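First the structure, then my questions, so here it is.
Read from first to last, the chains carry the letters A, B and C; within each, the first residue is number 1.
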Amino acid sequence: MSPTLNDIVSSLQRSGTFINSLIVALTIGGQQLFSSYTFRCPCQVGKNFYYGSAFLVFPALILLIAGYALRSQMWTITTEYCCSCASSQRTVTPLERKLACLRFFSITGRALIAPLTWLAVTLLRGTYYECAASEFASVDQYPVFNNVTAGKREEMLAGFPCCKSAPSDVTQVRDEVVLLHRYQSQMLGWILITLTFIAVLISRCLMRCCSPLTSLQHCYWTNHLQNERELFEEAAKQHSRLLISQRIEKLFGFAPGSEDVKHVRIPSCQDW
Amino acid sequence: MSPTLNDIVSSLQRSGTFINSLIVALTIGGQQLFSSYTFRCPCQVGKNFYYGSAFLVFPALILLIAGYALRSQMWTITTEYCCSCASSQRTVTPLERKLACLRFFSITGRALIAPLTWLAVTLLRGTYYECAASEFASVDQYPVFNNVTAGKREEMLAGFPCCKSAPSDVTQVRDEVVLLHRYQSQMLGWILITLTFIAVLISRCLMRCCSPLTSLQHCYWTNHLQNERELFEEAAKQHSRLLISQRIEKLFGFAPGSEDVKHVRIPSCQDW
Amino acid sequence: MSPTLNDIVSSLQRSGTFINSLIVALTIGGQQLFSSYTFRCPCQVGKNFYYGSAFLVFPALILLIAGYALRSQMWTITTEYCCSCASSQRTVTPLERKLACLRFFSITGRALIAPLTWLAVTLLRGTYYECAASEFASVDQYPVFNNVTAGKREEMLAGFPCCKSAPSDVTQVRDEVVLLHRYQSQMLGWILITLTFIAVLISRCLMRCCSPLTSLQHCYWTNHLQNERELFEEAAKQHSRLLISQRIEKLFGFAPGSEDVKHVRIPSCQDW
């Protein structure tokens, strides 16, 4: 790789853009794969709305929960600041509290990426919205529906997303209603995406301004947290291996991995 | 691999997400492979329900049992805390008891992944539910079934999942009933998945809060358990090889694998 | 590669042309991929304009915001110069203020590349403009529209981008209107591209002229900023590792990575 490309990639990785793009790409791919072979609008009065909404909302909710649950940092914060049993042992300074809030917001930001991508992609494609909104289309201006009872009209409207065979004038109305719903769905999708990006810009601005750390301190702090975890894990591993070695030496008479073993101790039943 | 990707992978492995994703992927793949060439609804009165339910429930039960049986930690806990013969030799402190509970819950959590995935995938596909529920569809509103005896109607309903040839008005009813069952099945699937994720979030929260260990202690403890097993296995292997070597030296006059063998002893009949 | 080609490539990379070309190529590719399967003009009165405009403006806006949000330099400037809480701590010299403006303009320049590319490509293709402008076409000179009510005429005009079946004289008018819109769209596109390039030329000229730095100073300054970041990161890493090592030594009784460990300290519950 050329040095500039390398620079771009490494700077992307540092700012988290790489991981975020990966999440977005996986969500889009999953949506395409998933909806192509499970989504089938029921086309029955009173069910279209629930079915379409379920496919819009439930996966977004699941992705949100998964986004929170998978972040180990989340649990560190929970344990340290929310559980009263843990916090009673030591006092939390205001700076620590502020930093925890900062971390919580950044975790929330990343957890929101996948559900928002799901909603945006789904709305831009329009099939789920089409199914959910089919019953609520206003068709008063079309003369075809004039001498039709309310029940029959609802049934016809619910049947629109299924492309059932129908007389040609109803087909024409269906095409227009489908185009209208796609229009609404895509406009909603664009508004959602634009609002999200504006919110990201404003919140990043605010986070930087209200942060108790300057830019350099923030850089140091991020680095510090990572080093702390790495070094603690290294020391903890060494410590626990030493402890266990001593215990095993008492049991068997030699430390595991030692080369020149003079005498072997056969442990009694009480030792185990 | 780039360092950040490596970091992501190793952090995924540490938090167990990697293994969980593998279990989910294998279950989904297995379900697709399995149901595509073994599931064939019997389409006979009184058999559809049992057949469909069996394909829904039995594999989930088998996967649950397998999930418990394959975890070696499970058996360690069982031996140490449940068998009275073992526990009588030493006293169990309250902390140990709490930690065992913690481990048991985490094992249960992982054992539940595969059966819940099976149920969710199966319900989202809908074929098993379609077969199981076909006899209980309410078709009173359709005029086709007005002058048909109850027995004949049951037979027709049971035949719906098989796509038997039928008059066109019955075919239309069948299409609607099939869409209705798919709707019910998929809604059940979504509710199941969402409830599962909420339960995971709450239980992880509670486990962290009620855990007798802080975040760092938990990290140390997990590491410690793994080191203990590794070092014990290493030492036990070395110990047992040394013991056996000494015994064989007594029998044959030299240790197995030694290069310069001076004299060979021919064992007498008493030695064997 | 021949040395001259190598020189050209490396000089391109240094001047940022390489990254800019990458952004342009990605935007063009994304536009082609995206619009081919989501854009479907609603063809209804009062909706065409909003739909076409949304597809023209929203992605450009999103790309602009993303261009700003992804540049980490942007946030450094924001923190240092805009937030009152940070700037109150130290005084900002006029030279620093000028350099920050310089950096802000260069960031804005790069952030504008993607949205301008989107607008240019979209206008040169013409489909979005065709949809948005369809309602405002002036068709007074065509005799077909003489004995048609205003409402009906609007409806016909809105239906033009959808290629609905129509009498042959209307089809002829539609073809002429579509050609007219494509002409307007592409002319707008060319004017936009030309104006952009002229603006780039003038602004680069002005920036060099009004810059408080000579060409050599500018070269030194760019290099200086990069070195500053690199050296600071190196020192910060070393500092934080030392701090953490000391803290871990208090807890476990030895520093992580030390070779000869004499005694191990078992931490009490209070230490964690």
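General remarks:
Here is the rule we go by: a residue touches a chain if its C-beta (ideal position, glycine included) is under 8 Å from a C-beta of that chain, and two chains touch if they have at least 3 such contacts.
What you see is a predicted model, and the numbers here were worked out from it, not measured in a lab.
Remark: rotation between chain A and chain C after Cα superposition is 35° (nearest 5).
The central chain of the assembly on a C-alpha centroid basis is A. Centroid to centroid, with C-alpha atoms defining each point, chain A and chain C lie 24 Å apart.
Chain B and chain C have Cα centroids lying 47 Å from one another.
For chain A, residues that reach two or more other chains under the stated contact definition are 232, 236, 239, 243. Those residues of chain C that touch chain A in the shared complex are 9, 13, 18-19, 38, 40, 42-44, 47, 50-51, 54-55, 58, 61-62, 65-66, 68-70, 72, 75-76, 78-80, 82-83, 85-86, 232-233, 236-237, 239-241, 243-245, 248, 251-252, 254-257, 261, 264, 266.
Note for the complex: chain B touches chain A at residues 2-4, 8, 11, 14-15, 17, 124-125, 176, 179-180, 182-183, 186-187, 190-191, 193-194, 197-198, 200-201, 204-205, 208-211, 214-216, 219-220, 223-224, 227-228, 231-232, 234-236, 238-239, 242-243, 246.
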